Amino acid sequence: MDRDRTRAILEDLAGGRLSVDDAMLQLRLEPFEDLGFAKVDLHRGIRQGIPEVIYGAGKSPEQIVSIARVMLDRGVETVMVTRLDREKADSVSEDIPIDYDPISRIGVIGEHPSGEPVGKVTVITAGTSDIPVAEEAAVTAELLGNRVVRVYDAGVAGIHRLLSHSEDIMTSRAIIAVAGMEGALASVVGGMADCPVIAVPTSVGYGASFGGLSALLTMLNSCASGVGVVNIDNGFGAGYLASMINHMESP
Amino acid sequence: MDRDRTRAILEDLAGGRLSVDDAMLQLRLEPFEDLGFAKVDLHRGIRQGIPEVIYGAGKSPEQIVSIARVMLDRGVETVMVTRLDREKADSVSEDIPIDYDPISRIGVIGEHPSGEPVGKVTVITAGTSDIPVAEEAAVTAELLGNRVVRVYDAGVAGIHRLLSHSEDIMTSRAIIAVAGMEGALASVVGGMADCPVIAVPTSVGYGASFGGLSALLTMLNSCASGVGVVNIDNGFGAGYLASMINHMESP
Amino acid sequence: MDRDRTRAILEDLAGGRLSVDDAMLQLRLEPFEDLGFAKVDLHRGIRQGIPEVIYGAGKSPEQIVSIARVMLDRGVETVMVTRLDREKADSVSEDIPIDYDPISRIGVIGEHPSGEPVGKVTVITAGTSDIPVAEEAAVTAELLGNRVVRVYDAGVAGIHRLLSHSEDIMTSRAIIAVAGMEGALASVVGGMADCPVIAVPTSVGYGASFGGLSALLTMLNSCASGVGVVNIDNGFGAGYLASMINHMESP
Amino acid sequence: MDRDRTRAILEDLAGGRLSVDDAMLQLRLEPFEDLGFAKVDLHRGIRQGIPEVIYGAGKSPEQIVSIARVMLDRGVETVMVTRLDREKADSVSEDIPIDYDPISRIGVIGEHPSGEPVGKVTVITAGTSDIPVAEEAAVTAELLGNRVVRVYDAGVAGIHRLLSHSEDIMTSRAIIAVAGMEGALASVVGGMADCPVIAVPTSVGYGASFGGLSALLTMLNSCASGVGVVNIDNGFGAGYLASMINHMESP
Amino acid sequence: MDRDRTRAILEDLAGGRLSVDDAMLQLRLEPFEDLGFAKVDLHRGIRQGIPEVIYGAGKSPEQIVSIARVMLDRGVETVMVTRLDREKADSVSEDIPIDYDPISRIGVIGEHPSGEPVGKVTVITAGTSDIPVAEEAAVTAELLGNRVVRVYDAGVAGIHRLLSHSEDIMTSRAIIAVAGMEGALASVVGGMADCPVIAVPTSVGYGASFGGLSALLTMLNSCASGVGVVNIDNGFGAGYLASMINHMESP
Amino acid sequence: MDRDRTRAILEDLAGGRLSVDDAMLQLRLEPFEDLGFAKVDLHRGIRQGIPEVIYGAGKSPEQIVSIARVMLDRGVETVMVTRLDREKADSVSEDIPIDYDPISRIGVIGEHPSGEPVGKVTVITAGTSDIPVAEEAAVTAELLGNRVVRVYDAGVAGIHRLLSHSEDIMTSRAIIAVAGMEGALASVVGGMADCPVIAVPTSVGYGASFGGLSALLTMLNSCASGVGVVNIDNGFGAGYLASMINHMESP
Amino acid sequence: MDRDRTRAILEDLAGGRLSVDDAMLQLRLEPFEDLGFAKVDLHRGIRQGIPEVIYGAGKSPEQIVSIARVMLDRGVETVMVTRLDREKADSVSEDIPIDYDPISRIGVIGEHPSGEPVGKVTVITAGTSDIPVAEEAAVTAELLGNRVVRVYDAGVAGIHRLLSHSEDIMTSRAIIAVAGMEGALASVVGGMADCPVIAVPTSVGYGASFGGLSALLTMLNSCASGVGVVNIDNGFGAGYLASMINHMESP
Amino acid sequence: MDRDRTRAILEDLAGGRLSVDDAMLQLRLEPFEDLGFAKVDLHRGIRQGIPEVIYGAGKSPEQIVSIARVMLDRGVETVMVTRLDREKADSVSEDIPIDYDPISRIGVIGEHPSGEPVGKVTVITAGTSDIPVAEEAAVTAELLGNRVVRVYDAGVAGIHRLLSHSEDIMTSRAIIAVAGMEGALASVVGGMADCPVIAVPTSVGYGASFGGLSALLTMLNSCASGVGVVNIDNGFGAGYLASMINHMESP
């Protein structure tokens, strides 16, 4: 609860406009609605004017619809649902219109965000199989209001492919480097770029890739400065963090 | 090599001011000096007007002095040396003045950066033993021109300690969360903040902390959005990335 | 074999009411029935007046029915079957009435325990996907005679959600903290509570959660005192231990 | 901050005895003292009348003395310092009287707790090398007001040794099972006891014991119900949790 | 190639009964038949008069039939096929008679070994889910001519169950201890027995059992002497090794 | 981009045959075609006159056909597709002729390479289940123009089988040792051979083989000199590296 | 407690020669002496006429002397102390005569066992650095009455070295294969031998040997039948188990 | 034993120039000398005319001198000792002249190999701390008769440094890529080169580098073809394998 709201409550109490009991109640009042199976946090979305997010994995279509409806009722304009497989998306769409993208597995309920995208977030993958995770990142960033450039299949084993995109890399405000077998991508991109690089290991790969662990360790051990790592396959997290950085205003 | 310099060389060649051989040479000319044991990259430091960094671990005092001298000769104003233990710092100081801080293990050769620090980077630790890594991050960020706020010993097992600093957390432009035993710190801070959070696992801890691996995994699994992780104990990397983010200008 | 029974046998022998051979036999007599594929331990259940438990995973419906029948025949009033999937529960119900709960995957054969639940055990989850494990803990605790309060979807990345339940946390006699991605929950709850906290890592999660290992390590490394950890997904074990603690009488 | 204190502040404000600014201040006032390097939490110790604890590892003797003094000044009667090696204890004793036990590595500053120990906590080790961790648990439990019974060197490879202590095991209110090579101890004790068992894996061992990991996994996989596990070598945590359980009053 | 055979060849050569080329050939002659996809080793089986073994996993029914036929043609009386699932066994039985046991997943082609079983091998499991691996060991041992006693579901969390079988344990010539969750079984049995104990970790279990790794580590760390460990789920290997030991003759 | 091409461009520019802009363009021109989802690298294949390779896993039949067509259009004679399962191969064959081998899972589009195979590459497996990976290596090496000898099912637990092939081992120019359970194969072969040995761990095996990790570690720890290891199951990589070595010309 | 002793006590009770209380006492009487820090088990040693063993690591010289004295007082003739470093051995020798071998780190207190060694146990190492562990096994086996043959530095990368010892391998009653880098040794020896092979991984090695884990996994994955594995560096355990097997009498 | 020697023995036997017993002896005669603690293999060195190698780690100076003397006596011209620290080298030099290089930790006893080095082996490191391992590889390759080019401190985070050496990379016959933190080096170099690349992970690094495991996994997962990996820090093995490849003659 923010300072201004606290002060307002205290001033109401001091001014006799509020009883002690009511003040206590309001000081505790939670800005979220309880659906029994989940708490819908309405605090941030409305304040920030950005889409509210439902993590779709492990939720039933009915739960997704319920949560989305509470959000829309409270004034949220865009609800984005991540990790949504096609079957669930189809079930959801029977109850509420949803715009579903099968590659990023993101669905949008409500209005697509309007407004001009800002800045430049570049999403780079090492191989073609890293594309689904990259798309989760790219679509997330787009929905959060960022201009996104995609550079796919530019792994470091063919370094000239990556070098041919140096200009995009040099002019980005944030870069998302997505790689499974070739965790090395983050190091090389980090060395080329002047902006923060968010590294996303993917679970793509065979042999000793151990479900992304190998790429994760490589990215953490990157010698390039300015690289932060998110969880394996966490395209959403990368897109969200890149958006935060790209939207930074001058200090 | 940037586009403008390439164009200039090509125009000199086209204009007959340069032979083909010289053009080839210049197109390949490396912007770093080779000391035999190390290549000194002079490219970025001078262009960006920020301190040049020497990673001190695994280098002899003589090597550090040599590299620093080349840098200073080429116009670098501030050389910061990281991972420098006291013995090495003492040896270095016999050859060249160095301002050494034993907690962060950072030494400064040359001028301290002048100029007003900007923005706000908050460095938070879970425990007292995380302080050396936190100081590496904090001093790095200060040397790179950031205003830094320190909140130490505010682990989540005493959540009221952390909550008492909510204001600093809410008004930061970047936060560095440093924790060994309590990797949980990043999640909680990430949930409280509206800015990017850089999580630094530390190798502090006993039992099943496995040299920081436990904290690393916790931080990667953080459910809070907007959290990026750097390598275990990598205070420098966190300070550098936080500085990049804090210095972002409006898109 | 307890002291009193041993003494009784020895006194019968000394009194000539028992031959040496019979005494030897009785001293060895096992208080369990051997079904060939499993030994049914009848010792504890009957003495303590609490439900007898069958671990359902890896047992066929026929085996479960056989074991349950032996128990009921010997006077057990309530048999609870854990880790029972719906198909098996359906098969069992063809032979013997069973009250099955698909979320906790617990079935009850025989009478539900009567008697007033005592004390207060609070079960908290970080996310919605942790609920099945939490329900295994909660239903177990209820069947063992505990009053249970559920607080679900209160992960630490939204710390205000958790804080809004501080009263339940402060007044519990035992707390079960269930979390997959956010092992941090145990630390924060442990720091808020004055009673023992039983932490249950869950295998829920993606990326570097490694089937619950990440949450397990986080929970073990909790800096809060008064936290004990059970195996990944072991809701039953947590409910059982919480019940033991909640039923403690004054020393 | 507890409800009563909040209500008191709000009533003072409503009654005009407090300004809005002072109320805001008091609502935020932290019940701990900030020493710069550490926050001394004075909240719980004074309220509960139990020793306050300083985790000694990673703190300098000066820091330990400072923290202890603040505690004593605020009315704490007993300060116990854990993980204190002999050299540090000697340094501390130059500034402030400390009663140091080299086996458990626990020092006591101030008064030893008076009052009769209650209940019964049994501490069992598998081998002789597990004794230091066991003593950390035992001394902790004693300082927290518990009657403690020690059963050492009773590993399950000589099961008759353990069985000869069945009576102590059956009559305990909480048991602490400490083992490195023989994590199996927790299973067997858990099967014999009717009270909660706290398992402490130790880093003692050679070969594939992996610093306690092997014992940790064994303990987590115990088939006995009523077993909770704490971190490797965490004798203090086990003693603290056992004390909580042993002090439970009837519901 | 054994010494006697080598000497015979050399004597034939010295005696002019063999040309140099034929001697070279015979010295290299391989005692196995090459089927293209597999080499059938006929060396040991025939000499020792024990069943020949085909490892069934990863072989097609056709391959199994081909290999078995070569063996039978060369005078092998009993062919046992391990790791044979029911579908494959059915396919095999269309070509050649096979006596299949679905629990141990062992099939026997040809004659069952006649002759009286010798000695005593006891197979003990901790739980009911360890039975399939135990049966692989038990049936293997029986086919190799050992008298086998089965003690199932005797885990150490109910130590009295195990103790009630002490007589079988004390009179065995070799014991096979099979356990997943309760690797502790090997320690306890090893401490009770005077004969070699072969420990078989099983991949049965949930949570932090990690596919048998936890049981494997526990067994390796057993403090009891006289315990050797085979691979996870390797019932055949345990049965084979126990048979070797049980058939030992006086030195 | 190679030196000669750079020099040619610069000379054209110096000679006025090229504008500065065109020179800049050509210096950047990428020798690959962009299909949107993948970049087709045409650089190496055409120059070296060897088959171009498509890694089939994670690509749709349509994508494979598109990439292959671009390659064939640009003059590539042989396209080999690896990690191609039968279903995908059937789909591809509806659009373009493909010669598919189900054991190695390699398909060939276009002409099979003509020309005499050179040298000698021996592929050895420890067991029959390692054959698919071995065939991927063998077929790769054959398509790349090498004479290949296969020695299968020659694991070191029957050392005489392996010794009977010493002549092939001694006369090879490169050996590929493929093993899952018996990583030991590489050590023994490495000790027998005078040529480079490429070790391929396979994910075949059960128990503590951990998906090939055990074989990988064994191979890395081989005491024989002259052994290099490729990734688990990476038959293609082994075949490619062996071909490189076998085609070496005298220095 | 064995059956005969139990029967005797019961018969005394039945015959009135013993009170019920005394019978209860005797039925519980422990056959070991309690020194406070350790329990001395006198049960087995005296019965079996073999040396009693003290595990020296983690015990002080004083403790070793105390335990040894109790043993000697009770009639034990030979006490062997394992894992005894030279300094401790020197301290022990000040109080009691000890015959110390610095390579195996085994000391003998009391008489060396007389009597002719029986059978044949062969100890094989892969390299020279495995010798200390091998000697622990060999000396243990010798003290337990076995004839021991040593074959050192016979790793499989030079397979002819090992083959030159085939005769010893073929005529052993038990073989101990000791290897760090070359875990493969156990597979090859297992394939050559007809007797049980006990594999001892050693922590010798560098790189990816991970303190013996690599050798351990290799040994567990051995395809040879008749191989059992003991813990890393556990030479004593291997010698003890080999002795058990070598002393087997005909069934 | 090679075919020609076998044939010669058999012909002598057939011709009566050898008894059967002598033939048996000679067929078994081992081409190595037994020093008790080590077997000196004299077979390969003399035949191949290359230095004989002693692995110095874990051997005493006396053992090194003994082995070297046997080798020199038998006609070996150059003995190279690897993993030799300075103290041991000093001790050795008291008995026998040795030319010691402290960076590669290699000593040479006897003559340095004469003869012109052939071909081109390029050794590349990512950082300055990888240099010792790289020097072990480089000096090994030089002693084995290869022309060696060193490119140090050319990690991929500064890709322009590496690109400035493309010519050396393109013209090598074998490349050794040595990297700790930046395992990525192997991928990038592998993509640039047309010759085999031997990747050497080093244990250099901090944080989540896990003693080289991270670099090892990265290198195994390299997407570049033609890359083989040796053990962590195994510079010798890399130099040896590179030499084998560089010395290949045309097929």
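A, B, C, D, E, F, G and H are the chain letters, set down in written order, and residue numbers restart from 1 in every chain.
Here, a residue touches a chain if its C-beta (ideal position, glycine included) is under 8 Å from a C-beta of that chain, and two chains touch if they have at least 3 such contacts.
Since this is a predicted model, take the numbers as computed values, not measurements.
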Touching both subunit D and subunit G (chains) = C, E
Count of contact steps on the shortest path from subunit C to subunit F = 2
Taking contacts as defined above, which has more of them, C-G or B-C?
-> B-C
Check C-G, E-F or E-H against D-G and flag the pair whose interface repeats it, over half of the contact pairs matching by residue number.
-> E-F
Between subunit E and subunit F, two touching copies, which fits better, same or different residues at the interface, with half of the numbers shared as the threshold?
-> different
At what distance in angstrom does the C-alpha mean of subunit G lie from that of subunit E?
-> 25
List the centre-to-centre spacing of subunit D and subunit F in whole Å, with centres computed as mean CA coordinates.
-> 59
Using the average of all C-alpha atoms in each chain as its centre, how far is it in Å between subunit A and subunit F?
-> 38
Scan subunit C for residues touching two or more other chains and write them down.
-> 3, 127, 158, 207-209, 213, 216, 220-222, 231-232
Considering every pair of chains, which are in touch?
-> A-B, A-C, A-D, A-F, A-H, B-C, B-D, B-F, B-H, C-D, C-E, C-G, D-E, D-G, E-F, E-G, E-H, F-G, F-H, G-H
Along subunit A, where are the residues that touch subunit B in the complex?
-> 2-3, 48, 53, 118-120, 167, 170, 173, 194-196, 198, 216, 220-221, 225-232, 236-237, 240-241, 244-251
Residues of subunit B touching subunit F in the complex = 3, 6-7, 10-11, 13-14, 16, 20, 23-24, 27
Report the residues of subunit D in contact with subunit E in the complex, numbered from low to high.
-> 126-127, 155-159, 163, 181-184, 187-188, 190-192, 205, 207-210, 213-215, 217-218, 220-224
Touching residues on subunit A, where the partner in the complex is subunit F | 127-129, 131, 152-154, 158, 160-161, 164, 204, 206-208
Subunit B to subunit H touching residues, read off their complex | 1, 28, 30-32, 37-39, 41, 57-59, 63, 203, 212-213, 216, 231-234
